[in-house]
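Note that the chains take the letters A, B, C and D in the order they are written out, and that residue 1 is the start of every chain.
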Amino acid sequence: MNHSSNDTQTVKLKGEDVAKHNSNESCWVIVHGRAYDVTEFLPEHPGGPKIILKYAGKDATEEYSPIHPPDTLDKYLDKSKHLGEVDMATVEVEEKEEDPYEIERLERVKRMPILEQCYNLMDFEAVARRVMKKTAWAYYSSGADDEITMRDNHSAFHRIFFRPRILHDVENIDLSTTMLGTKVSIPFYVTATALGKLGNPEGEVVLTRGARKHNVIQMIPTLASCSFDEIVDAKEGDQVQWLQLYVNKDRAITKRIIEHAEKRGCKGLFITVDAPQLGRREKDMRSKFSDVGSNVQNTGGDNVDRSQGAARAISSFIDPSLSWKDIPWFLSVTKMPIILKGVQRVEDVIRAVQAGCHGVVLSNHGGRQLDTARSGIEILAEVMPELRRLGLQDQIEIYIDGGVRRATDIIKAVCLGAKGVGIGRPFLYAMSAYGLPGVDRAMQLLKDEMEMNMRLIGCNSVDQLGPEFLDTRTISMHATGVPPDTLALTVYDPLAGPAEQMSSKL
Amino acid sequence: MNHSSNDTQTVKLKGEDVAKHNSNESCWVIVHGRAYDVTEFLPEHPGGPKIILKYAGKDATEEYSPIHPPDTLDKYLDKSKHLGEVDMATVEVEEKEEDPYEIERLERVKRMPILEQCYNLMDFEAVARRVMKKTAWAYYSSGADDEITMRDNHSAFHRIFFRPRILHDVENIDLSTTMLGTKVSIPFYVTATALGKLGNPEGEVVLTRGARKHNVIQMIPTLASCSFDEIVDAKEGDQVQWLQLYVNKDRAITKRIIEHAEKRGCKGLFITVDAPQLGRREKDMRSKFSDVGSNVQNTGGDNVDRSQGAARAISSFIDPSLSWKDIPWFLSVTKMPIILKGVQRVEDVIRAVQAGCHGVVLSNHGGRQLDTARSGIEILAEVMPELRRLGLQDQIEIYIDGGVRRATDIIKAVCLGAKGVGIGRPFLYAMSAYGLPGVDRAMQLLKDEMEMNMRLIGCNSVDQLGPEFLDTRTISMHATGVPPDTLALTVYDPLAGPAEQMSSKL
Amino acid sequence: MNHSSNDTQTVKLKGEDVAKHNSNESCWVIVHGRAYDVTEFLPEHPGGPKIILKYAGKDATEEYSPIHPPDTLDKYLDKSKHLGEVDMATVEVEEKEEDPYEIERLERVKRMPILEQCYNLMDFEAVARRVMKKTAWAYYSSGADDEITMRDNHSAFHRIFFRPRILHDVENIDLSTTMLGTKVSIPFYVTATALGKLGNPEGEVVLTRGARKHNVIQMIPTLASCSFDEIVDAKEGDQVQWLQLYVNKDRAITKRIIEHAEKRGCKGLFITVDAPQLGRREKDMRSKFSDVGSNVQNTGGDNVDRSQGAARAISSFIDPSLSWKDIPWFLSVTKMPIILKGVQRVEDVIRAVQAGCHGVVLSNHGGRQLDTARSGIEILAEVMPELRRLGLQDQIEIYIDGGVRRATDIIKAVCLGAKGVGIGRPFLYAMSAYGLPGVDRAMQLLKDEMEMNMRLIGCNSVDQLGPEFLDTRTISMHATGVPPDTLALTVYDPLAGPAEQMSSKL
Amino acid sequence: MNHSSNDTQTVKLKGEDVAKHNSNESCWVIVHGRAYDVTEFLPEHPGGPKIILKYAGKDATEEYSPIHPPDTLDKYLDKSKHLGEVDMATVEVEEKEEDPYEIERLERVKRMPILEQCYNLMDFEAVARRVMKKTAWAYYSSGADDEITMRDNHSAFHRIFFRPRILHDVENIDLSTTMLGTKVSIPFYVTATALGKLGNPEGEVVLTRGARKHNVIQMIPTLASCSFDEIVDAKEGDQVQWLQLYVNKDRAITKRIIEHAEKRGCKGLFITVDAPQLGRREKDMRSKFSDVGSNVQNTGGDNVDRSQGAARAISSFIDPSLSWKDIPWFLSVTKMPIILKGVQRVEDVIRAVQAGCHGVVLSNHGGRQLDTARSGIEILAEVMPELRRLGLQDQIEIYIDGGVRRATDIIKAVCLGAKGVGIGRPFLYAMSAYGLPGVDRAMQLLKDEMEMNMRLIGCNSVDQLGPEFLDTRTISMHATGVPPDTLALTVYDPLAGPAEQMSSKL
């Protein structure tokens, strides 16, 4: 009964002992079968102490795992606080309250459509929405503020129409292209998305395998659920990966990450420049709201609730002071090409060229950062004519991401001048619903769609695509394409005509 | 039993005695525990005699209180008609008919979300709509005619998209700015809105306290539920207030109000110029309709119902002859800066400069006056380029109000050239639902949003904001952004295809 | 039992005798208590023989009355076929089948809102829709084809926004103006609409009385339910009426009508030029469909159903060959000013000036004729700048009609250059729901709205209105304002994602 | 019991014998009362072997018939595999599982509206949707990807408004025109659509008879359910037909088809150029999904489901290498005028002129091929001004198809410069719901509509139509007219405000 933290090295801890440390005065938690004393860490936890205290004295693995890479505790918690293994048989399995949503979800999982019923990328999203855990779905699917940008990312493609050519021999179609020197089979890459284990217990390595199978590049996220090395270890043969980088306030850490990535073979460094602070995503915040907040006193602004969803919890290290004057340093510490991810206006593309960057991704971070920002495809329509006017179009590679769901979207981007497009959420949804086969089928569907649509616009290969195949006159007519203002609609009482008399009055 | 009006000075009146005076021949009413003889006042009542007669011989406090400042009876009813205190224990408490809406409302109040579940300003509106009394909600939420302008005020912001810059050091963000010489913490002020006690029994002083806490300016409304002095008394330290003024037909009264306000420390005089007559707000009128109208004879136009909601009842004193030639007089009677509230086209902004005004508020009165008027943000997009062309942009401070719900809305207004924005209804809703903590949280949310969004567009301070951060090409494309014509939709029968045969025919 | 048609002059006919003539071999019908032998008339009936045969041997008054002016039988049926009075006590009252719609309608009539609950013109439409007979509602409310023009007529006004001026003394507002030399109290007139008795048993004279009360002009329709003289007889004092004219193939008839109208004091001749053939209104046609069509053989185009609603039945006399070369003749036969009603492009306005016409009504016939025609207000925005460019703006009076529901609509039209607007359906709906008091209130509401809105845009009188008070940049952006394609939507299956497995498969 | 395939020539096969050959080792099927050994053919079947194996040993006639012309087995299966007649009385009639959709459909068929209740072309679609078999409806009604182009085809017409002229004598209306030298009664033709027997057991000959009756041209589809000769045999008198051609990889086959068509009297050769590969139509694919796919292993892309609906199954012969250099060959092998069907930009129209083609059809294949391609009417608005600028407008006949549902649509196309329009689906729906009388009525309705609408725009004959009768300023404003993105909407969770507390918490 009296285990000191020393003898936990040799004897397994009992669940009942851990259970006693269930307050902010002494707070132990179990993760992956080992106990940790996090009492002193509580105030430093980026996600706030409350979320930990919920698991004080208990097994926190299920909630901990997707949002912390496996090496987190080693990195951030002093060894003296690692209390050693727990005899999990002695840990009381908590009777979970019956969550009616969860019961229905498990029913929906049983009735899941089989994979072959998915005919397009939206279908994976439809299935994932039905079978994912509520909080995971909320994290993946949410966007900033009113989610206008998030939705406009896709609908912007529908403001571009095709001008296909006919009677061009399209028997043979070659979808391949080159990205930063790497030959790929189709002009998309798997862009970085955080917390892959929320959707699939294996996490980002599933995407690695899918990318390998279809010969496309995977961009490894800083905020992966898997560790960087796990993801690199999962690659095969000459498979190419890129690194997405949130720049740490401590540049030594950043330098270590970059050098390690280069050593492990990464072929591109994508520095995120649209997220000096990670966005407020209210759907995500609402889904996190639970008993955590229920005893907060109404004392106003000083006690603003800090449980702002996964995004805020995991991103406090990001350096908001990152600026153009840091670019030479990045160029000095790596030979990897440097690409700025999140550029949103032509002035900054030109500046990126001048700064010696090798590429930019025109992106609004999947609509998760600044709402009513413009979509990547729309920015592209602004950028390319100006680059061509200045003769800069070949000095930098332009990518876009956001809202790509159809091969026609890819073709439109390439026609306008992009080297390729990043696709994120759709593969997460495919992975969450169906694992690797889902990712595989999603990629194959894009290839099938693209081969067909290349034929239908009359082009054999990616280099034949150009702006003459598009009618883009209305791409910037936001007024019309603006997605509905859902919140405003829910609070608005429509006008109504005169009410009928109550019959009792007659 | 035989109380003359004289001995009511010393002996409390009995409820049964008051109850006898229940007709238009002798009409007494009880307000805040005192009885008043309003028989002679009936025909003069701005809201019409019927609404008073409903309470003849009864306690009218609940309905009276929110729409009459406390000094009303002293000001407008001769002392001889003040009958003195009533022994309220003797007043029969009226059995109210069970109002099913009210019963449901009280249920909804019990299930109110806690404050921390409100993540944006729309959320307060959503809660207020569920928990406010029906007539109060109708008064606050209604707009003119088809409420197209009221809704367009917010949606106009969605016709402006951002062009954020990247790689600008945004570690430190300063939201502060200066309005008419006063330093404030963020570029919004609490604009004047009428009848605060409809939403909260304390009325406008709640907003005074919230504004103090967040160091923003409150504009005191002429049509407040609290008296002007109560609102000024509620301020603390060097807190700054402005006065919103409806100009009285009797300029002596207006002069007295202005001089008093200046003496009490008001730092700005906002003269409302968009309301020579207060608007018809049909939702409000419908909510007021009750048994008042039910025995009206169908005799046509001569007997038009005068019970047109709170707005008309309280505004009959406003002078519709106010014109540009009155401006010199205002400049002569006060040293406060003079700002015209409700300017709607560039010609009038230029004229305001020429007339020596210190500012204008581009506003359509929250969509409560002229329907299909343009939103403040849209007028701003017309005004600023022309002012700059004429070199007048620094000779006047430009404000806008209407539809501001997000920090991005504030940022867009400031980018276009506004010194700041007025916010009205959202704070009323926050106050109605949650009192001061609601107002506090609403303001804090705007600060949190604005700090983040300043980072995301790449600006450290308000003075860095400019039109280059916006894409405003479609701001004036009304055709597309026009909110749906609700009434027209409710009366339109959609076309339908051929009907099925009745089975009996077979 | 053996009544010859001769002795019916003196002895009343018995119902049982009439009842025997119930086939196309001998077809008698009773109308207003008198019997008629229409056997030989059957093939000539513009509405087809079937609809008469339905009443063969029976009392047809109820269906006959609204769609035939009282002098119809005298004019079109030879005296020898007038069989004389019927003893109505002997006519078997037909047990009507219980029509569930009719039962519900009568319930709705009991619960009708009282008149004072109507706050705008849409409200009358909302009530009328609930309390009118189904076929009457269908006739009034229907438009051509997909009813896009009918709906766009109103929504076009919402593509125009106001630019009100401020600080203009608006204490006194004068709404009066002059139309074709007649002083009127407000710039609208009651435009011609057919078959007033469908909505109210008194018919068009109700509108005459309403117009008198409010000092506006009534345009008398050719296709009135009341006779022309009844409508003229209903006017009082110096009340002014105009005549709307469908030109008959037989010009002698037309001449007689014009001369008679002029003699009876009509002050304007409005020649309808947008209806060489009366429109197909499918809602109306569907509502007429009943057992009439149920035994039609499927033999294809040769036997196309002729029961095409009221419009077609009553309009076969209209001359489709009417052309510009007829205008001099009209000018020669009357001193009344001649106005072309239904002009739809600027070229034809100019031609009307050249032809010596005194005015035009820019109109698409309430959306009842050519679908996807432009609204009057939009045509006006095309017409006036061109007229001014040519210096013709004062040589002709321009009116518009269609979609006017708000005083703001009237103001917009006058700002753009119209002398006034015609209003039709709203008064029909007011009359159908509430009779004369409804018409009275509808007109008073427009006056109340207009007085207020004149104040709000800063104008004292109609002559101050001009295009500078409007922002019309998007009036012609049809693409955006096009009302939804209801029929197409009802036949379209929205795409859907993958279906769930049937649970039986698991 | 031991029938060799030889003696089946004289003795009828028994059902039980056929039933034994029910696997991929020996697979017999019955079609139209005759048995066939398709064991060796299984891997070659364009629709995949699975769909055949479903009927192994059984009667496949019902599913086989609509999607294979009657001469298919003769052409593609060696005579030795024709096993001869089956005694159908001995074939076990399979008890079909009760399909609830089918039961409801049969109920709907009983309650079908009678033909006279159809007042426009949409009505036939509404009825067909209710009474057609699910898979047939899916095949006819589906389009490519998100069906944006399919829906835009019709809504594009609503982005064009009329500018009718008045006072033009329109007593006599002549709808006739000339197409490729043939006089027709109205400017539309019946365009080619595949698989007519899905909707009506008689197939395309029904359309032949309808076209005859109304003196319009029928274009015979390559992928008809009837054989080419059956369709030609069905014509009467001097009736004119055209041939729609999918070009076979084997040009000898194509040449044979062309020569045969010319010999049989076809007067135009319409070469489809927008379908080098037939489109993915997901609704169709989903409707085909059944137990066919249910045991597919999740092994990813290598095993992509091949059951992609009817379109893919029947089109594998089409030559994707067809190009401009083939045109001279076509000109050399036939004297029929050559028209390219599916041209989508002005450059290719000009090239068609240069190549010596006699016409083009501006078409996107009914929205079934490339999604977000532009509608024919919109391409026409691009093409004609450029042709006129180059003086080429008379060197080629321009047709459009897609989305035509109203006579106003036809008039708009002709005003813009088209010789006529092709109409496909509406006649299929009319035929599916009502057979020949349906087709007849549909055509008659178009004539009735067109006669009326010619009057209403003030034109007597087709040659008077011109662009001055249209307002086309917004035809290309896609942003606004883009049909809703149905799939995206189904997967999007609208934002919601704060949730109510569970009452249990109180």
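One rule holds for everything that comes next: contacts are C-beta pairs under 8 Å (C-beta built on N, C-alpha and C of every residue); 3 or more make two chains touch, one makes a residue touch a chain.
Because the structure is a prediction, the values reported are computed rather than measured.
Enquirer: Just how much do you need to spin chain A so its Cα atoms sit on those of chain B, in degrees to the nearest 5?
Expert: Fitting chain A to chain B on C-alpha positions yields an angle of 90 degrees.
Enquirer: Look at both sides of the chain A and chain D contact and report whether the same residue positions are involved, with over half shared, or different ones.
Expert: Under half of the interface numbering overlaps between copies: different.
Enquirer: Could you tell me the distance, in whole angstrom, between the mean C-alpha positions of chain C and chain D?
Expert: Averaging C-alpha atoms per chain gives centres 42 Å apart.
Enquirer: Pull out every residue in chain B that's touching 2 or more other chains.
Expert: Residues 114, 117, 119, 122-123, 125-126, 146, 282, 286, 294, 477, 479-480, 487, 490-491, 497-499.
Enquirer: Note which residues of chain D are touching chain A in the complex, please.
Expert: Within the complex, chain D contacts chain A at residues 145-146, 148, 273-277, 279-280, 282, 285-286, 289, 293-294, 296, 298-301, 304-305, 319-324, 326-327, 340, 342-345, 347-348, 369-374, 476-480, 482, 485, 487-488, 490-499, 505.
Enquirer: Looking at the complex, which residues from chain B come into contact with chain A?
Expert: 114-117, 119-120, 122-123, 125-126, 129, 141, 146-147, 151, 154-155, 157-171, 213-214, 282-283, 286, 294, 405-406, 408, 434, 436-437, 440-441, 443-444, 448-449, 452-453, 455-457, 471, 473-475, 477, 480-481, 486-487, 490-491
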